[in-house]
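The two complexes that follow have chain A in common; it is paired with chain B in the first and with chain C in the second.
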Partner chain A sequence: MAIHKGRGTCAMNYPIGMNLGGDPSQALVHSNPEGKFTVALSSIDLGQGMKSVSRQVAAETLGVPVEDVYVDTADSDTGPHCMGSFASRGTHRVGNAVIAAAKEARAIMLEAAAEELEVNAADLVTDGQGNIHVKGAPGNSISTQDACNAAQFKYGQSVSGRGIFLIPMSDVDPDTGEMSTVSCFAHTAMIVDLEVDDETGEVSNVRINSAYEVGRALNPKLVEQQLIGGAWMGLSHALYETTEPYYPSREHRPYSFSSYPMPGPGDLAQHDISILERPAPDGPYGGKGTGEMCANPVLPAVANAIYDAVGVEMDELPITPEKILRAIHEKQRQGA
Partner chain B sequence: MSVEFRKDLFADERDDDLNEVGKPTRRQDILGHVTGRSPFFDDHRFDGMLHIRCVRSPYHHARIRNIDTSRAETMPGVVRIMRGADVPVNLNTLLSLLDFGKDDEPVLAVDKVAYKGEPVLAIIAESEAQAHDAVNAVRVDYEELPHVLDVEEAIKPGAPSVNLTYPNNKFEFYGGTDKQKLRFGDVETGFARADYIVEGRYQMAPIEQAPIEPNGAIALPETNDRWACYTSTQGLFFTLGTAAKLLDVSSSRLHFIGGTVGGGFGGKVDGLCEPLAILGAMLTGRPVRYVLDRAEEMQVSAPRSAEVWYIKDGLASDGRIIARQFTGYFDSGAYTRLTSYGVVKCTGHLPGPYTIPNVQSDLYCVYTNRTPATAMRGFGVTGADFAIERHMDKGARAVGMGPLEFRLINAYRDGDMKAHRRLAGNCALIESIQAAAARANYPLTSEYMQMSSSQGGGGERAQIPATRLQDGSELPAGTRRIAAADHAPGLIPQVGVDVPVSGKPSTSATPAAPAPAQAQTQFAASPAMRGYGASSLGQSAPPPAPPPPAATPAAEASPPPAAKPQGSPGPRYSRYSKIGNRRR
Partner chain C sequence: MAQLPLQFRLNGSDVAVFADEADNLLSVLRGKVGDLTPKFGCGQGGCGACMVSVDGKTVLSCVTLAQNVQGRDVESLAGLSGEQLDPLQTAFMDGFAAQCGYCTPGMIVAARALLRRNPNPDRDDIVEAISDNLCRCTGYEPIIDAIQLVAAQERGTRA
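Right after this comes the complex of A and B.
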């Protein structure tokens, strides 16, 4: 009867967006007369922060402060089509659509600014603080508010833009499985240290060290929240959760959270994270998506660490104390 | 918890001088969320709102002989009982919106039930409690049928037919085949040359997505002969399209409102509640609310699919994986939902992020008499990656290497050919391993710390090998059959920093500029692109953006196509537009 320490590792990548493509998203961007922008979408914010990322991407592209942008979603009468929030596609697909729409609106805003300043629009830059000025001559400037106002009230221009992002759908060769899957991948590697009690089969003191490569962390706090929350779900998948504990038997199924175990606050792993950013060539500002990948590495890394600790192959999820104990007993029986 | 950004890595590929992107800006909606004021679908209440509860099958598999609702109809508060015959188009498959698979699932079962919990009737009452009481008063006369719950049993001859659309309990993939194949090189030759063979079996559990907010919808008649629907869906137009098909109405008569959702994790893609809520509103003329309770959410809304995996590796004594073979069974439950998509996505993901010269996979989407599975976080990948990464540890032990060292020498790199015949680029597996090792004080020698994703790939590793097909014939080296300029640099413009953005595919039939050397591409799919451009982008599409810098090859690029064999499938881009044509 002893506590055994173990270390397990793994490495993975994850495809961004719907496999085979064919999953467009659209965005509409427009300004009110005070230069405040609305981004209209039909994309879903599940809590992952899709609205916030879209807002930052729009502000960056328009060249206005983030406070001047609000994202409105999702009403099918006002928001243009989006395939949906799944497949780690929101940041990548919606982000690209928002950039396209914001570019179009920005061009109209700059045209109006150029008229007002009597310069060429190609010579204008935005400072991100709400001002448009001549490149190299910050004194020769106009506010984004005044430019948007002039566009609408002097020049009769709608400061607006339309954007869509589509990767056309690939076919699949039935003989070889040849296909164009997705256009970019996120990456991760993980090292898990834990302890296994060979008397109870319980796993405790889980400590995670990880690296996640996300293209670009468009909002580092949201990335951090995704990664920590995702690892929690991964730990839950590894050690606790299933709707059918004796799959493929359908006996002993849970019907509520009281019989469907998930880790509580005391079971949270210590988790130290390194974030890498290798921008995706077709990602919005290089961004990929971390929403799904971040849960995956915990499952095998925990199983590998359990093998390292007590020498049993845990190849069926979830790895409950019952399974660990049965495997330890079987190993002892075979050794005896 | 500590988080560090390794800005030192890939710094030459990144401009970090941005105004808003990269800032930890507080969320636009967080004040509403933390003060409980953000409007979720179930925060809407309407005068005269009715409630739905479903009568559900108590059997894994049974014929429905008779349904007696006479007592339920007279119970207090009961307004209407909906049967399968009330659903205008009572058969659907979710991916019909992408023209993939055959309609196989009724909204309300008619002749038979194929899993415990399958809805048979939907009772609409003044209160949820009254609907619940009426459910218990319905008498359904079932004749129990033999059932099958094990994926490997289900595809044996003589197994009970779970799904009448696919009587052999196997989904039909591209070309009508009963499995999704992946063939790259010849695994048998690889195994014959291997110093070690490592085999394993793995099992992924069915898992509940467990959002705090369950699946639900509130539908009500709007003016102008339309219906509004407040919904928890993860795909607003996806579910709107599904409802329009099932209810046989124009999509213009449906108005969906959602967007603020209490977690989904893949469990809110199936549109379980919206069609019945809208149908209830159509039949009663009143607002109708249909929300799953927690027990339904756990057991009769769709879980992550269970999977059974077999992996066989052939290893060289120096640690290289020279052949890898998969057989996998995805447990779809009684109907397809999205599992077939997960299988194809998984096939494109194999053999994991490693460069292996011989890869073979056969994946099955299998029907069993259990709750239909659907998407969940990591869909099509989580179970495979669990199996692969368990197997990698066994391989490392077989060859006597450290587990991360074994992964590093097999890691894919920029310019490598992947098993689905597309070049890899924008890789960062090696750097991720190095960074995690540094974080955990895992001792990697300088040989491993000096490896790089951008070095050592391509060349021999970029070749498509001669490939043994299932019928025994050999496909010549270099063969590509799928026209795929889809992801080529120049066609999808690089977006973001300092690059003019069109954000949409160029309508040009040829690349705007030469593609990077590692991702040389011909544009075989131009007719469809032209078609799309003409209909949607108009003549005013902005000019194509310049290609990305050669130092950053597209993550997934197409090699030059080999001679295209006759009879190979042509590009099909107009799938979604078919929907528009079908509708009134």
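Right after this comes the complex of A and C.
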């Protein structure tokens, strides 16, 4: 009886978004009387940071400070339609919709500024601090608030914009099964090292080394946070979690956290991450999506590492000590 | 069911309410006193989102009978910050130790209780101290780092 060390790897291309009946997201942007902007979405922030990233993207496009943008995701009745927060699509699809809406609003704001400054709108730039000035002549300037108010009170213009980003439905080729489902891919390479006890079937000392390619990390801290948390969820799916441990027999179904095994802070894997940025041509400021991609590669890498350690191929999740022991015994029986 | 007059201190202020005999502390805090910082997670004492301190010891308020805190000192997350945030709250924000935020009140109550009884915890002590608290988003690492940082700050040393 012994502890066996094993190493497993996984590399993946992760598609952003899904081939539904078309995959659209929409955004509406408008200016408020105090010179700030509201972005209305029905996209959902579940804690992954969708509101923060939409806010950054809107501010960057409008040319105003992040503090001047409010993102309203209160209700799918008050925001324009979005397919939802899934398939790692939020940053890419919603971000692009926000850019389209913010560009339209920005153009109207610059037209009003051009009237006020008596110049051509094409010669105007924003400084990102809430000011619009003539290119090369920062002295010839107007605040975004004054420009927006002039648009509304003098020129009768609504400083607002509508944006939609759509990846159209891709039909499946009946002969080859081929379809073009996505617009861009994110990538991961991962190495998992672990130890398997062949007496108890327990997996311990898990260590993850990974590289994630995420397009541009629009909010590097949120990206890092999502990768760490998501990989932990992947490890949890690989080794611990199931709602139906003895499916189809349901008598031993977990009914609370006391019987649903989920790793706690003492079951952490050390995880060293390298984040690679290769901005996507069709991404909002180069961003792709990190969402599900952070969890997925952990599962095959763990299964591969267990195979490397004790020579059993595990094809059912989660890979519990019981399953590992049964597989080891089966292998010994066949060998005997 | 009989209504009990229930008096206790919450975050230093006297509180008097009528509670059912079977009411748990969480439902009294949230429903009758209006302190929404403890969260209802599982309602079974399994997740730690409802954690508060009673006379300095952490309890899971969803499985604590409200009548058991009669005359005692209860402290919730709301009691940790006054004019200024508790340094743990600041460190959780700066260190991105929250994503959805639902476990955060319980985590900070557990962490503050740890730092009061042990100002010099090592990583294992911190893991032990938050092992009643489940987090679904962060993978715990940023939470442990944030607590370690505050422990070091409060000792006047560097992490």
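Everything below uses one rule, namely that the second predicted complex is superposed on the first by the 319 of 336 C-alpha atoms of A that agree within 3 Å, B and C clash if a C-alpha of one lies under 4 Å from a C-alpha of the other, contacts with A are read in each partner's own complex, and residues count from 1 in each chain.
Quick note on the criterion: a residue touches a chain if its C-beta (ideal position, glycine included) is under 8 Å from a C-beta of that chain, and two chains touch if they have at least 3 such contacts.
Everything numeric in this text was worked out from a predicted model, so none of it was measured.
Enquirer: Are chain B and chain C a fit on chain A, or do they clash, once the structures share the same frame?
Expert: fit
Enquirer: Once the structures are superposed on A, label A:S85 by its partner contacts, choosing first (chain B), second (chain C), both or neither.
Expert: first
Enquirer: Once the structures are superposed on A, label A:G201 by its partner contacts, choosing first (chain B), second (chain C), both or neither.
Expert: Neither partner.
Enquirer: Rounded to the nearest 10 degrees, how wide is the angle at the Cα centre of chain A between the Cα centres of chain B and chain C?
Expert: Taking the centre of chain A as apex, the angle works out to 110 degrees.
Enquirer: For A:P265, decide between first (touching chain B), second (touching chain C), both and neither.
Expert: second
Enquirer: Look at A:K221 in the shared chain and tell me whether it touches chain B only, chain C only, both, or neither; answer first, second, both or neither.
Expert: Both partners.
Enquirer: Return first, second, both or neither, reflecting whether A:E60 touches chain B, chain C, both chains, or no partner chain.
Expert: first
Enquirer: Examine A:G229 and indicate which partner it touches, taking first as chain B and second as chain C; both and neither are also allowed.
Expert: After superposing on A, A:G229 lies in contact with chain C but is clear of chain B.
Enquirer: Report for A:G17: first if it touches chain B alone, second if chain C alone, otherwise both or neither.
Expert: The answer is neither, since A:G17 touches no partner chain.
Enquirer: Using the superposition described at the top, determine whether chain B or chain C touches more residues of chain A.
Expert: B
Enquirer: Closest pair of CA atoms, one in chain B and one in chain C, after superposing: how far apart in Å?
Expert: 5
Enquirer: Could you list which residues of chain A make contact with chain B in one structure and with chain C in the other?
Expert: Correct list for chain A: 46-47, 49, 221-222, 224, 228, 230, 233, 256-257, 262, 271.
Enquirer: Which stretch or stretches of chain C touch chain A in the complex?
Expert: For this pair, the touching residues of chain C are 42, 44, 46-47, 96, 98-101, 126-128, 130-131, 133-144.
Enquirer: Spell out the residues on chain A that touch chain C in their complex, using ranges where they run on.
Expert: Checking each residue of chain A against chain C gives 46-49, 221-222, 224-226, 228-233, 256-258, 262, 264-266, 268, 271.
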